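Scrolling down, you'll hit the structures one after another.
Next, two complexes with subunit A in common: one pairs it with subunit B, the other with subunit C.
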Partner chain A sequence: MTKPSFVRQSVVPVLTVLAVLVAFWYVAALFMNHSMVVAEAQLKGLAFTPSATWLRSWTLDKPLLPAPHQVIAELWRSTAGLSVTSKRSLVYHGWVTLSATLLGFLLGTLLGILLAIGIVHQKVMDKSLMPWIIASQTVPILAVAPMLIVVLNAIGISGLLPKALISTYLSFFPVAVGMVKGLRSPEAIHLDLMRTYNADDFQVFTKLRWPASVPFLFASLKVGIAISLIGAIVGELPTGAVAGLGARLLSGSYYGQTIQIWAALFAAAFLAGLLVLLVGWSERLVMHLMGARPERRAG
Partner chain B sequence: MLPLLLIAILGVALGISWLCVYLVHLGDRQPAARRFVDLAVPLLFGVMLVAEWELVTRGFGIPEILLPAPSIIVAAAANALPTLQEDVVQTFVKSVLSGYVVGCGLGFLAALLINRSGFLKRGLLPLGNFVSALPIVGVAPIAVMWFGFDWQSKAAVIVLMTFFPMLVNTEAGLTAAGHMERDLMRTYAATWGDEMRRLRLPAAWPFIFNALKINSTLALIGAIVAEFFGAPTYGVGFRISTEMGRMNTAMVWAEIGVAAILGSVFYGVIALIERRVTFWHPSVRKGQG
Partner chain C sequence: MAAGQASGCVFTTGVPASMNVIDIEALSLTFETGDGPVQALSNIDLKIAKGDFVSFIGPSGCGKTTLLRVIADLEQPTGGSISVNGTTPELARLDRAYGYVFQAPALYPWRTIARNVALPLEIMGLTRAQQQERIARNLALVNLTGFEKKYPWQLSGGMQQRASIARALAVEPDLLLMDEPFGALDEIVRDHLNEQLLQLWAKTKKTVVFVTHSIPEAVYLSTKIVVMSPRPGRIHDIVESDLPRGPRPLDIRETPEFLKLAQRVRDGLRAGHSYDD
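What follows is the complex of A and B.
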């Protein structure tokens, strides 16, 4: 009953928009690369027929805008075509980025939860810390990323941790703010009930505040994981293009390898989508285990 | 010397923390003092952070390359005011403001457009939500390749970064008006323009401002990161990466400080406008007690 309407309601429109985008991309590639093809023909003294000129703009080695099939071919070549340990394999670079993302995300989530617990239970922390937590995010923190990496490098900490720390800095914020909201979400009547049970703060926390905050936690985690990935990628930029998707972007831009840049971008997009999906799935699983059932719309 | 230093560090931390606790209790007992407390406590906390930073870096003799003391950073900033000004004009006035205005404007217009078409809405919104989670700063090298080293390429990155949050939020805001109100507009035979102006847009303002605030930080990040990939010989991001290469960390921190102040002011201005425009919203009314 719901299946066909789902297809008609969302799959068809999304695919249509995607198809239009891809078509637009091909046309844009034609026009943007055209001048390069003309220049190439002049350089080699070749005379392309008009149709050959147009076709050539979809197959250039270093085009201004690679055609979608070139990007997909590059993606395929650098994932399935190479061994996973190869320095040119996107799986290898993706894993480097992913591990930094996950470590940073984990640390950020823990930090955010701890801060939120402190803020909810200690009024002084609420008054003194909360404005600074908010202010910390109006700061373009990614600007500090190269700084942090080089400084930590100088004192002998390199590799995974500096990048993960940037992800931590970015991802603790949504978790802290969401959890403060979540831990304060139980209604006064429920808190009063806990008082009538003579529950202490710890019991109120484990039996009421924490369960009530789980939906808020997952909403924050979705934002946090996406932002962690961005932090890890930007954190890889100043490390001198060693490894990771960010390093792939940087080396691609140094050597004008546009197809490589686009492939790295697609890999990053794929990773982001996958991570958000994973958080969504674990949310549904946890909510199910906690006894939540799909809402009924009736009455 | 060392015990004295430790005592100073601990003393500052404990003293200011105690002052904060005292002020918070004072605020609890005397509602008249609450405004002052709400302002003073975070300020004191900030003073404590800076003081501890200064004490630790000076006291333990931490090399300036690793972490310069706040006083050194301020001195560096004061010495390089013309440079800082040039960088701010390049990064903030040219790149950020132009990209921000165009990106937010386009996102807003696109939301108005797809709001009229159910098909486009169902097709674009899931994509918009997905794109909002993507690391869009990654397009910076491509933008530099297409639009050159100057501010145009940074503005292009910012347009792309700010477009989708604006689109998704405005769209959510435009559908926020209740069915009852919309039906009422129908009974008045209101045109689309009337309905927008009198019902839907006012209801959408909180959502739109949410996007504007998110975008204000995104835009600054986009400009600075895009400058890492190539810039003329000025700009906040350019200066950060080159001064870092010269190990001139005080200047790097000065630029970061300037960027932080700019980001906060930008955010603050938008938040102020929000209070004016959405004065009726519960979150604003609560703030005025």
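What follows is the complex of A and C.
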């Protein structure tokens, strides 16, 4: 019963959109690479038929916009086609980025939760910290990241941690803001109830505020994990393109390897999707364990 | 009154220790709002004896819920004196002297029914075995045995409110404060719960203060009906019921005695309202 409706409701629309996008992409590649093909033909003194021009614009080595099959081929070559320890393997680079992402996400989540707890319980912290927290996110991360990396390098900290700290810098924000709202989400009568029991602040926190904030936490974590990945990639740019998906993006742009850039981009997008999916799954598991009413799909 | 409570008179504001569970004199409460002060309660005098079932009835804005919240130390009066269990409302609250039932069940959705009833017991620091015993006993009192492992959303509105009553009873207070607990329920469920509540009251011999805006509910349940009127919130009339104490059949609502009481309450509500439109 559920399977056909799942296919009809989820798979078919997604595939339709995908097909339209791919078709559009091929057409775009045709137009964007046209001048390069023409230039190449003139250089070699060849006369391409229109159909040969078409085909050539989808098979250039360094096209302006690579065709989808070129990106997929590159993705395949640099993942399944190489040993994972190879410096050209996207699995290797993906792992480098992933480890920084996860460490930064973990630290950012902890920092965000601690800040939110302080803000909710101390008026002084609410007044003094909140403006700074918001201000911290108005600074362009692309400007901060190189400085942070260089400063930390100067005091002997390099490798995973500086990149992770940039992820932390980005990911603590949605967690802090979401958790402030979540910890303040209990209704007045729920708080009154605790007051009639003469419960102390710690009991109100563990038995009411914390469980009430869990849905808010997961909403924040979904934003936080995606933004952590961005932070890690940005953190890899100023390190001289040593390792990581960010490094692949940068070296690709140095050498005009557009196919490599696109493959790295797709790897990053795939990783982000996977991470958000994992957070979503853990959310469903936790909400189930907390006895939440199963969501009914609108239909 | 128990001997232990006599020592509570140390904390009263000059009122001699009496047999009253609640003793209110010349109490007033003014809220400071953006539009200036609003007098929610004015010159309230009320005594509630142990074992009484007292209803506060009146139109919205008459301060009946506010008065209940003052008794529970959820609002602070701005004038007059009040003692609860022979002491101040705050000390009574710190002593967990009352159980409070809100308009909504206010069950925590992430806790099962049993764990919701356990909530105050965990805060009080009872052992697991004591908790289990009180959960079983109080769920049985409200006829919810067998629903321990259900989550609130799996229960009907009436069952949820019964669970919240079990939670209030689990604290084992002598005083039960109920703020329109059945206001959101349909009349058939409400009748049924009213009957059950009276049986419960007769069985447990607790003092109950009950806020309602339903005349039949107030007259059916109460030994004493406090008729209140708004702007400023004040007591218009206190009606002592001459209906038999203890469990009353629902049919009692058809008797002339009942109708006479209801008429007096209705007249009181109308008189308190007369200056309105």
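One rule holds for everything that comes next: the second predicted complex is superposed on the first by the 282 of 299 C-alpha atoms of A that agree within 3 Å, B and C clash if a C-alpha of one lies under 4 Å from a C-alpha of the other, contacts with A are read in each partner's own complex, and residues count from 1 in each chain.
The criterion applied here is as follows: a contact is a pair of C-beta atoms (placed from the backbone, for glycine too) under 8 Å apart; a residue touches a chain by one contact, two chains touch by 3 or more.
Model, not experiment: these values are computed from the prediction.
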**Study point:** Partners on subunit A (subunit B, subunit C) - clash or fit
**Key:** fit
Check your understanding: Which partner does A:V150 reach: the first (subunit B), the second (subunit C), both, or neither?
Key -> first
Check your understanding: Looking at the overlay, does A:A23 come into contact with subunit B only (first), subunit C only (second), both, or neither?
Key -> neither
Exercise for review: In the overlay, answer first, second, both or neither for which of subunit B and subunit C A:G291 touches.
Suggested key: second
Review point. Once the shared chain is lined up, is A:L278 touching subunit B (first), subunit C (second), both, or neither of them?
Key: neither
Practice item. Considering only touches as defined above, state whether A:A80 meets subunit B (first), subunit C (second), both or neither. Key: neither
Practice item. For A:I233, decide between first (touching subunit B), second (touching subunit C), both and neither. Key: first
Revision key, fill the gap. The chain contacting more residues of subunit A, comparing subunit B with subunit C, is B
Exercise for review: Quick one: classify A:V7 as touching subunit B (first), subunit C (second), both or neither.
Suggested key: neither
Practice item. Have a look at where A:A39 lands relative to subunit B and subunit C in the superposition and call it first, second, both or neither. Key: neither
Review point. After the superposition, what is the least C-alpha distance between subunit B and subunit C in whole angstrom?
Key: 8
Exercise for review: Under the contact definition given at the top, report the residues of subunit A touching subunit B in one complex and subunit C in the other.
Suggested key: none
Check your understanding: Okay, in this complex, where on subunit A does subunit C touch?
Key -> 187, 189-190, 192-199, 203, 207-208, 211, 214, 290-293
Point to revise | Residues of subunit A that touch subunit B when the two form their complex | key: 9-10, 13-14, 16-18, 64, 123-124, 127-132, 135, 137-144, 146-147, 150-151, 154-155, 222, 226, 229-230, 233-234, 237-238, 245-246, 249-250, 252-253, 256, 258, 261-262, 264-265, 268-269, 272-273, 276
Study note, to complete from the structure: In their shared complex, subunit A is touched by residues of subunit B numbered 17, 20-21, 23-24, 27-28, 37-38, 41-42, 44-46, 49, 65-67, 119-124, 126-127, 130, 132-135, 137-142, 144-146, 216-217, 220-221, 224-225, 228-230, 236-237, 240-241, 244, 249, 252-253, 255-256, 259-260, 263-264, 266-268
**Study point:** Partner subunit A, residues of subunit C touching it in the complex
**Key:** 72-74, 93-94, 96, 98-100, 102-104, 106, 108-112, 119-120, 122-124, 151, 153, 171
